Each structure stands twice: as C-alpha cells, then as structure tokens.
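Next come two complexes built around chain A: one with chain B, the other with chain C.
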Partner chain A sequence: MAVSPELVFSVLMGLLLLVVAGWLTRLEDWQAYTPVGGGGYGESTGHGHEEKPAGLTRWLTTVDHKDLGILYSLFGIVAFAWGGITAMLMRVELTTPGMDFLASFGGVGLYNALLTTHGITMLFLFAAPLIFGFANYMVPLLVDADDMAFPRINAIAFWILPFATILMWAGFFLPLVGIDIQAAKTSWTLYTPLSSTMQGTGVDVFLLGFHLSGFSTTMGAINFIATIVAERDSVNVPWSKLDIFSWTILTQGGLILFAFPILTAAVTMLLLDRNFGTMFFAGEGGGAMLWQHLFWFFGHPEVYILVLPPMGLVSLILPKFAGRKLFGFKFIVYSTLAIGILSFGVWAHHMFTTGMNPRLTASFMAISLAIGIPSAVKVFNWITTLWNGKLRMTAPMLFSVGFVQNFIIGGVTGVFLAAVPFDLVMQDTYYVVGHFHFIVFGAIGFALFAAMYYWFPIMTGRMYDRRLALWHFWLSIIGGNVTFIAMLILGYGGMPRRYATYLPKFMTWHAVATVGAFIMTFGVVAFVWNIWQSALYGKRVDSGDPWNLKQSDQFSNEWKWYEGKRQTMLADGGEEDADDAERNAAD
Partner chain B sequence: MEEQPGLSEQYTRASPWPVFVALGLVLTEFGVFLGNYLLPVGVGGVLLLEASVVGILRESGYVDSLWPSSLGVGLFVGGVGAALLTVGRFNRGAALAGAGGIAVLAAVGFCCYERGYL
Partner chain C sequence: MATEESEDHGHFLPAVRDWPRGYGEASWWPFVTAIGLLVVYTGASLYVIGRGTDLVSSSVGLGAFVAGWAVTILGMFGWIYQAFVVDFWDRGSHNGGASLRLGMLLFLGTDIATFGAGFAYYFFIRTGGWHTEYLPESGILTSVLVINTVLLVFSSFTIHWAEGHLQKGNHQRFVQGLLVTLLCGIVFIGGQIYEYYEFIVHEGFTLTSGVFASGFFGLTGIHGIHVSFGALLLAILLVRGLRGHYDADRHVSVTTVSWYWHFVDAIWLFLVAVVYIGSVFGTEFSPF
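Now for the complex of A and B:
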C-alpha cells in the first residue's frame, strides 16, 4: 500500500507539535497560566536571580536585546558566507567566456539561480540583519533604555528570519534529496512577466520566504522607533544628545515602515498571480510596468534603508579615532533626514529605459541628482572631521576611511547614472553592477566590518587579532577596488549584466574581476577566522575604555555601560569571576 | 512542597514563546498557501501559531486568562477559513476553519477549567 504524502506530513506535524508541547511542559510552569493555579503571574518565587537560563535554552528563549544582537550578527555572518560562496561560483564561471565551470552542475540555470540568491542574500539576509544586530545590541545602551520597547516582538522578528531563509535557500538543497523544487531563477528584482510566469514551486517557496523576511524587518523597525522615541532616557539622552547611529536607525525605521509594506503587497500580488489566477501583472492588468513601479518604490528607499545606518556607524566611529568631535553633527542629522525623505522620490530612475514619459524622467533625474547633495554633505563632514585630527589607524578606523573612499566612487558613479542620457547608454551593463557593489560591499560592508571591530570588546570581552584585521582590511580594499573597477570598465565596454556567458572581447576584465574577488575572499576568510578565534581565545580586555575614548571626551553611553558592567562583576566576585562571566557571555 | 517556577517566571529575560510564534507563522504561510499535500503542514502551523499567541499573551501579562485570547484567535482563524470556503477554496478553508474550531474548543475547555467545572 502506498503511503500518501498527506499522511506522512500529518504524522510529522503531529510529532513536531508533541515535541514542542513536551519541551514547553519541561520549561514552563503551567499552573502559573491559569488564575486557579498556584503560581500567578509576576509573583516572586524565590528561585534564581539570574536573567537567563544557561546553555542552548538561553539562546532559544532569550528576549534580551544583547543576545538577540549577537544572534542577528551570527545569522548575518552565515548569510554572508552563503552570499560570498554563490558570488565566487559565479565569478569562477565568468573567468572564461563560455559555460564551462558550472556546465556539469546545472549550467545557465544554476548561474541564474546563484545570481538571484546572491543578490537577495546580501541585501536582505546579510546587510539588513547585521545592521539590526548592532542596532539591537547598541541602541538601547546608547539611549539608556533597559531593553527594546517590545522584547518578545524583537525575538519573534529575529526567529522569523532563519525559518524564512530556509524557504529562500531551499531550492538549492531539496533537489539533492530527490525533491523536485528548484531554486528561483528570477534575479533579485523579480521582474514580471518572468517571475509571474516561470514554472516551478521553487519560485513560490522562495517568494514565501521573501514575504516572511519582510514581516521580520517591519517588526524590527517598529521596535527600534518605539525604543528610541519612548524608551530613551529623556533626561540623560534628550533629542539634542541623541547619537548619530541612533538617528540613522530611527530614520531607517521610518523608511522601512513606509517601504516594506509595498514590497509585501507586491510579493503577495505576485504570489496570487502565480497561484490563484489573478492578473495584477498580466498584460491585461497592470502589466510589467506595475511591478517595476511597486518594486522600485520599495527598492530605492531600500538602498537608503541599508546605507543610512552604515553612514551612522562611520559618523560614530570616525571621530573616535580622529580625536575630534564629528564635524557638523547637526548637518549630518539633517542630511540623514533629507536623504530619507528624498529617497521616496527617485524610484523611476531605475526605469528610464522603459519608455516613460520624458517629462517624468526629467523630474526623477532632478531628484536623483538632488539626493547626491546630502550624501556629499556627509562626505564633506567626514573629511573635515579627519582634517588635522590625531588619527589612530586601528582596524575600525581603517574600515571607516575605506568606507569613505568606496562611497565616493560608488556615489559619483551613481550620480552619473541619475542623468538620463548617461543612463540610457549604461542601463543593464556592468557599470551599474560596479556602481552598486561599491556601495553595498565597499560602503555598507566596510562600515559593518568597522562596527564589528569597534564593538568587539563590548560584545565578547576580548580584543580581536590586529594583524589579521589588517590583512582583512588591505585584502578587502584592494580586492574590492580591483573587482568593482573592472566591472565599471566592463560596463563602459558594453558588457551586459546578468549573463552567464559573454563575448571573448570582455575576457580580460572579467578575469581581473575574478582575481579581485579571490583577493576579497582571502580577506573575508581572515575576518571570519579572526572573529571566531578572538571571541574564544583572544586577549581579554583589561579596561572599560579599550579605545582610550576618555582622552578625547568621547566616552559614549555604550562604553559607560560596559565599564559599569565590568566594575559590577569585579565588585561581585573579583577578576576571575568577571573573566568567567565574560567567557559565558561570549559563549 | 516548594513550587518549581517556570522558565519565564524564573528568568526576567527569557520566554519560550517567540521561536514558536515565528515557526507557527512560517509553517502556516508555507502549508496553507501551497496547499495540496502540504496542507497538513499548514494545519500544524496554524495550531502552533494559535497556541503560541495565546501563550505569549498570557506569559507577558497582556491577558490574565487563557480563554478569551484562545476564543479570539480561534474566531479569527475560523473566520478566515469560512471566508475561503465561501469563495470556493474548500481544502484551505476547511483546514483553517477546523484549526480555528480547535482553538474555540480549547477556549471552552480553558473557561471551564478556570471556573472550576473541570
């Protein structure tokens, strides 16, 4: 007798629910859940004084913003590894014009799937979660709050991500176990009619995961806004003293609140078109242009959702190692808000070649050029902060300076693309790919690396290996520039983006880009090894001010908290206990 | 005999529910949307989501009693199921209506227990 899949799934779900119920019964006191029970909510039981349980249970049940910050960061690093591996597979394939390296694994189809998952992963599963990781850990400390405004929603928002990610990546692994669900090959922009007509459940599974990750981001953003507005200690941290990173997270939260529901709605419409016979994006309905308008109305603010907090990180970190206060703090805040508002008026610059009304293209060009002004204000302020400063070239400082360099190239190439005549020539070429990689890896990635090194002592109680961090920086900046400048040159030569094969005349610069990508990869390996080794065995931090920030009167709230924590631990049980506690925190 | 406190009573910064709210939401969307032979996954997800929502509301102190929230989520899910039934989506509608019905039955059980009838 054949066993139906329905029966198999029913039994599996029954078992899952039993396991969940069993685990919860071990953890929770059910008497406390009913008014007739003995416990009653909020009564002191006299058992235990700690905040969290130990071991794996701690990480599965934590609602502490610091733990969730670490979980977000670890998740971001895992996603970065996946995004990096997929990029390298593509770059190796692109070393030669024909289809050779990937030919025996899936050929052009696999290349298209790698392209799709690389873009989605780096934007939504690496950059955004890593930003949320730092924001989770640091924003409540910076604004002097006890925790996030909604700690449980914070945990829900995090836990949606790994499950959604499994759906988004499933298409790569399910065929290996004999299940015919293929990875989506739609590219990250999911343009219709390709995405609405492409056959296969894999696209639906991917879209469902993408849809759910949007829930997670929106929940996180609401939490950050509520924390900064309502949980901030308004006496110690009035609006006038709010740090620059929190300002950018607040602006980012506002952008997410207005942009992500559009994406969620558009993806829902796409799923309905694919599965339930609706015609939102069919020729008779809104058509392919409707998707592009909806997608980019979300998509361009998304660029600033991702870049504003890294700008905040650099604005926070640069002055610490320049020995001076941030030059023009207020103007950086104003420019952040200006970018946030203008970002909703530029979306159609992604669509100049679609046959739009020229009067419309002119207005979108004007606003796209205008958004360069507040971005340039920031660059001016960073450079003037460095000017005549007492620079200390630590790893966070190097990555911050690297950010500024990469952002200038990425930004200026973007200003060119904002001009309609130039865009008409360069649309869909590698020039665009080079431009946004300078921003996404060269700027956003570098700022996140800077933050990782800057706050490493707080998050782990240990110091990173400086030598490995320097290798990481130099390999990343050299490899990044080699790769992305090669892409810009390929674009000038007319190499179209998204192709697995190309004309032999482009081979030299593709080979250069691949060499650069390998150099970057060595840097990333140094980074991951450094973080892993240093978190476990690195030199212990012996002061609450490892960066000597008191010297330049820049000892900010998160470091005050860290110093207080160290003093409390020392007073509680001496240095050994403090070390043990730090080790536990790092575990 | 001294009572043993539950995890979320003993520890101020721990809750067992968020991970299951997230898992329930994901399984619900995945199973119910894709339907067909994955519908049992959706039903399991809805049940997990309903229980987790009721649990987290009680544990975080937003409600004092289990039955009103159980009734609320049951009626909501059941209502969505009924709406799907009316537009001809029989399998998905029946799955959601059934899962909602289970939560409503649970609400009746909680109510009876809390009032000492059980």
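Now for the complex of A and C:
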C-alpha cells in the first residue's frame, strides 16, 4: 500500500497541531498564567478596552513583542530539553569504550544522528531563539520603543521556528510510526561529499527544515536592527545612552545579515546537488573546499552571533550586583564592534588542516589571534567592574561570574587553536570539543541562565526559588568544568572527536566526563523545574525594584517600564490580591 | 508596518484593524503565513521522500508545495492589506517610514550575501580548470540576452520617472510609469523563460549539464525569482496607485520597491558581465 504512509505523515502533522492546540486551550482554564508584560490584567476581563483575545487565540495571534519574547523563551527551553537528552544518550554510550548502550537501538548510526541533532539543536534552536526571546522582550523596553519595528514580521519569524523544527527532528519521530526516512548523520558542519552523497531522505527533510529556520533568524535580525536604529526614542535614549545589551544585539544583527543568507544559499545548493543533479559541491565543481569555505564564512560569524549578546547580558547584569557602573563602557562597545567586523576574516582557522596555501593559513592565524584581543579587553573590563564592588551574590550574579570564569578557559583554548602548529595536532580531537563547550555552555548558557533569573520578575511578575537557583548554579559550574576539562585532557591524549567507540586507554577521562554531564543534568532539571513552578506559583514580586537597583542608581528602562506597569495594574483594580489569595489557598 | 497609532495607557497598538477584529495587538496573518510556509516545506519534503522511496508519490508533495505557496501568499496579502492598505489616508505615517526604508536596505544587504554565495561558486570554478565545453554549443550570448538587458535597464529609468512625477503631483503619469515598468518586468521574465526553453529543449543544455550549468541556472534562476517577486510588488503598487494611493508625501512603499527594482537591475548587469560575457571572453588563456 503506497498510500498509507503518506496519509500517516500528513495526519500526524495535523494531529500534532491539534493535540498541542487542544492541550493549550485546556491549559488556559487550568492555570490562568498571565505574564505581567502581556498587557497584564484587564485583557480577559475587559477593563474598557481589550488588546488581545483570550486563551489560545491570544498566543497564536499575538504581535506583541513581550508575548513573542515569552514564546521564544518557551521554545528555546523545549529545544534545550531535546538537545540535552540527545547529549546524555551520547554521554552514556561513551562511558565505556565499546558499542553497548545504543547497540540495540541503532548503534553507531544512531550515535551519529544524535551527534548531528544535538549540535544543530543547541546552536540554532536553543541558544539563538533564547537570545531572541530576551531581545524581543527587553530591547523595545530598553530603547523606549512602542514595539518592534515590524510586529507582524516578528510573529512570522517566531512561528516559522517551531514549524522548521518539526522537519528538522522528523528523522527521529517518523520512524516511531514506521516511516523510516533515516535521520541526518552529517554532523552540524554538513561537510560534503558526506552530506551530498549520504543515503536517506531524512537528510533532505532535515536540510529543508534547516533552510526554513534560516529565514526566521534573518527576519529577526532585520527587525532588531530597525527597532534599535529607527524606533528608538532618540530623546530619552540617544546613541550615547544605548545600553550594552542592545549594542550587542545590533552587532549580532549585522553579522546575521551577511552570514545567514550564505548558509541558506549553501544549503540550497546542497539540496540541489542531492536531488537535481547539479554539481556545486561535486569534485569537478566546487568540491569539498567550496563547502568548507562557505560554511565557515557563515560558521565563524555564527559563533559570535551566539556569543556577543550573552556578553552583552553579562555586561548588563554584572554592574547591577557589583553596585558599580560597567568599567570602560565605551571600550566594551568598541570591542564588540571590532569583534563583529573581524569575525568575517577568520573563517579559515577551521580549515588549517585542509592543505590550504600556507601563506593564507598564516594570515588567518594572525587575524584569529588578533580577535582574541577585543575579547580579552572585555574580560578585563568585567573583572575591573567587580573589583572593589559591593558584590551581591544573587543567582544572576553567580551565573555572570561563572560566565567570566568559563569564558577565560574557552577563550584561551581558542587562542591556542588559532596557532597553526598547535591546531595541526589538535584539529578533530576532543580538545576542540572542550574549547567550544566552555564557550557554548559555560559562557553562552550561563549568560542566558543569568538573564532568565535577572528578568524573571518582569516576565512573570513572580520570583524564582532562590535555593533551587543556587543548586542550579553549583551543579552547572562543577559539572561543566568536570566534563569539559576532561574533554580537553582527552584531546591532549589524542582522542578523536565524533566517534561512538574508542580505545580503552581513554576510558577514565570519558567516565569522568559522563559523571560531570550527569551533575550538569541535575542542575538543568533544577532549573527547568524552578522556572516552571515559579512562573505559575512563585511568590509575587512586591515592588517595581526587586533588585534594589535604585540604590546604586542603576534603575534602567525596562525596570522603569515594569514599575509603571505595576502602578497601572494596581489602579486597574485589586484582582491581583484575589488571584493571589486563591493561589495561596491552593498551596 | 507599524502604522496605526492609537494611544491607550500611553501604549501603541500595532494591529487595531485586523483579523480578529476589535483588538490592538492580535493578527492571524502571521500565523497563516507561517502555516503556509510549513506546508511549502512539508510539500518539498514529501516530494523528496516520494522520489527517494515508495512511501509517497512525489506528486502529493508537489501539490502540497503549490497549495502551501497559495496559503503563504494569502497570509502575506492579508497582512499587507491590513497593515498598509486599509484606511491608507486616515492613518498617519509611522516615523515617516524610516523603519520601512531601513528594513528594505537591510533586506537588500542579506540579498548581497545570498547572491554572493552563488557568485563565489562561479568564481571558484571559473578560476579553476575552465573549459569552453562547459558552455552550450551555440553560445551563451543570444539576442534575448541583449533585449532583456535593455528592457531591465530601461525599466529602472521608468520607475525613476514615475517617482519623479509622483513628487511633482502628477498622479496619472506616476501610474503610467509604474505600468510600463511592470510590463518591462513581465517581458523580461518571458524572455528568460524563452531563453531557458531554447537552452533546455533545443541545445540540451540543462541544470545537470555540468559545473557551468549549475552556476548558470542557479544564478539566473535566483535572479529570475527576484524579478518575479519584484513584478508582484510592482503590481501591488500599481493596484494601489489606481485606487488613488500615494502622493508627494506618502510614498514609502514606492521608494522601497524602487530601491529593490534598481538593486535587481544592478545584480543583472553584474551577472551579465561575469557569467554571460565572462564565461566566453578570456577562455583561451587563463591567468591561473
């Protein structure tokens, strides 16, 4: 029967949507979650005006940057779960040298598929969307704009993302209903000829989803730049007073503008090669080298697309809990811009071992070493901001300090890799994996956690559980360092990356890495549980300044907005109290 | 598109007249557009699955692909209609169109990168081992190419001319200018299709004819898609112009579309220079 699987495919899609929709409508009656920012009270009870419809319709139709910020964040956390589960499956397999744990589910093939989806998910579906979530919510408030420049494009950009994700993950869930399309096993770098010749339509389905997701990112970037440049209230927030997070989002936008279309175009060519007999990456055409050039011309800016806004977050949060202004604000802005420009000139440091012209490798090495300088400038600025400050070790502060620690290790290992002779030895070993995990988890992840805790009161009107947040922090910093230092050591020992099995001599450090990974997992569980529970039942915030920022004269725009919002809410009626009484009774 | 100012607790509401009615910050159109895109990409996936396996027939995929585009375009029309077209004269212009103009410039920036990747491929093979056998037998420089190039350059002047008349307050001339521009665009697309037809059917020079063919069809194809999209935008301008929209002060979309059109024109000239002419001249000797 040729008809049934295709029916299953489309029915499945439809069902998935229906189930989610049905579940959400339920959710609405079950727990009336109303983020303060989302127009707050009155929208469902009708205080004279209604800005948004009620229930599910409100979330599907919203063009409000604050609602979309929340949706982006929720999406990011779901993706984080998938990225985390796949990582743990790999780590468990790697505890012992042979192929055992995954053997009965698909063995090495499954391992490679997990590796691919883990990398892609964490970079494109967790980190980037979560950054966009915070930026959506906060940037318009920080620059005193009414909304994003293009509210409807903002909504399109968001909705594309979960839809693209369905296709990107399809290779994993379709086999469950008997349609085996083979998940992509190309690794996130999608090197040709592997990716252009790999069997299985799952690769194509994945590539199509990936292609679609690129539009979302690009639309978002255009929107952020237009918001910061053209919607900013130029009287209250002139360029000289623009906050550091918005600066980094602006720079990020500029990088996305030129990096992502290259990726999208390269993926298009790859799809054409796979399905329509073109020769873009065939041996006679561009070959493997052209793919690598295009990919890394996108790929290196991509790592700064991911790290600059977290740097901005930490630069924004650290001073708040050090009771001092950010040291050398201007230098941080300039170094951000410098990194943004330089990051387009270093891509070939990912290709030192491909047999490129040595004169070229030397110049790429020079620029790569140079890009370390503005990064180091920032590190010194953060440290001097802390120096002699009145430090308050709240959860956002702990994560910011943890960021600096991890970024130092990640950055220094990166500078080593940028040196050609060192890279020739370390390329394709766990040393590289250790390097970028210190950055992508240790720095980017930590900054996003810091931001989550810092703005939690604004986004939910409630406070997170401090004790759980401390658990989250200590488990993450200990687990993270154990795992990633073990990886660096494995790399020194010569353990190659991207293998499901290995020589017995590597077992000790692999076991250590797995233990560290479990420690991190407990931290992440504490985080997700905390966010979920506190958003619904947490203690309500009782002032517009929960962090006492007025004291050190750092009461910034988003908090001013929040305070104003609270005042209108109180004036609108005392539902909050009734609501709370009900909640407390239920506790 | 943030055009409607409506003060409410000092908060600005971007979607006052929209579907669903009666709210300030709700619109179904973005969701509809995104669903359309989901169907487009799912359709493409089914098509590929259909070709690679016997799980589906690939015509199902093609059907979904086309249907998806219909939904996407419907969603975009709904959005454009409700954000810009309805009560065009009653609403004020939001920040003088600064966001929209910047948005178009940024979009063109992304387009430079998109074309950049395609040209990177072409330069890569052109500077490598290059053979004249890569080209179609009867040559690549045809009279269609000349006519098309003249048309596109001419249309850049006509749209400029139309804009000038709008500034001077001559609405009728403005509409005429748009019409001529649109016609040039349509004839260009027709010429392109004719050229493809000649190459594919009579010359046997197709997408799979080798490394030059990949670059040639890739670059001219993506450019053709851009011209088609531009023609769609011009058609929208024209319909709105006929309904009396735009004057010397309110014409942001005319400005942005004309930038787009000039950009597509410039890309074409570059493409003609390096892909058409550059593939023929200098083929006997290679500096590399």
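The definition used in the following text is that the second predicted complex is superposed on the first by the 525 of 587 C-alpha atoms of A that agree within 3 Å, B and C clash if a C-alpha of one lies under 4 Å from a C-alpha of the other, contacts with A are read in each partner's own complex, and residues count from 1 in each chain.
Going forward, a residue touches a chain if its C-beta (ideal position, glycine included) is under 8 Å from a C-beta of that chain, and two chains touch if they have at least 3 such contacts.
Everything numeric in this text was worked out from a predicted model, so none of it was measured.
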Looking at A:421 after the superposition, I want to know if it touches chain B, chain C, both of them or none. Which is it: first, second, both, neither? neither
Using the superposition on chain A described above, determine whether A:264 touches chain B (first), chain C (second), both, or neither. second
Tell me which partner A:205 touches in the superposition: chain B (first), chain C (second), both or neither. both
Between chain B (first) and chain C (second), which, if any, makes contact with A:63: first, second, both or neither? both
As a test of reading the superposition: which chain, chain B or chain C, is in touch with more residues of chain A? C
With the two complexes superposed on chain A, say which partner A:51 touches: chain B (first), chain C (second), both, or neither. both
Once the structures are superposed on A, label A:164 by its partner contacts, choosing first (chain B), second (chain C), both or neither. both
Check whether A:229 is in contact with chain B, with chain C, with both or with neither, and answer first, second, both or neither. second
Which chain A residues come up in both lists, the one for chain B and the one for chain C? 5-6, 9-10, 13, 39, 50-53, 57-58, 60-64, 67, 147, 151-153, 155-156, 159-160, 163-164, 167, 201, 204-205, 208, 211-212, 215, 275
For the complex, give me every residue of chain A touching chain C. 2, 5-6, 9-10, 13, 39, 49-53, 57-58, 60-64, 67, 146-147, 149-156, 159-160, 163-164, 166-167, 170, 179, 181, 200-201, 204-205, 208-209, 211-212, 215, 218, 221-223, 225-227, 229-231, 257-262, 264-266, 269, 272, 275-280, 282, 284-286, 290, 293-294, 568
Per the touch rule, the chain B residues reaching chain A in their complex are 3-23, 25-27, 29-30, 33-34, 37-41, 43-45, 47-48, 55-56, 58-61, 64-66, 110, 113-114, 116
In their shared complex, at which residues does chain C touch chain A? 1-2, 8-9, 11-15, 20, 22-31, 33-35, 37-38, 41-42, 44-46, 48-57, 60, 64, 79, 83, 95, 98-99, 102-103, 106-107, 109-114, 116-118, 120-121, 124-125, 207-208, 210-211, 213-215, 217-218
Would you mind writing out the residues of chain A in touch with chain B in their complex? 4-6, 9-10, 12-14, 16-17, 20, 23-24, 27-36, 38-39, 41-43, 45, 47-48, 50-53, 57-58, 60-64, 67, 147, 151-153, 155-156, 158-160, 163-164, 167, 201, 204-205, 208, 211-212, 215, 271, 275
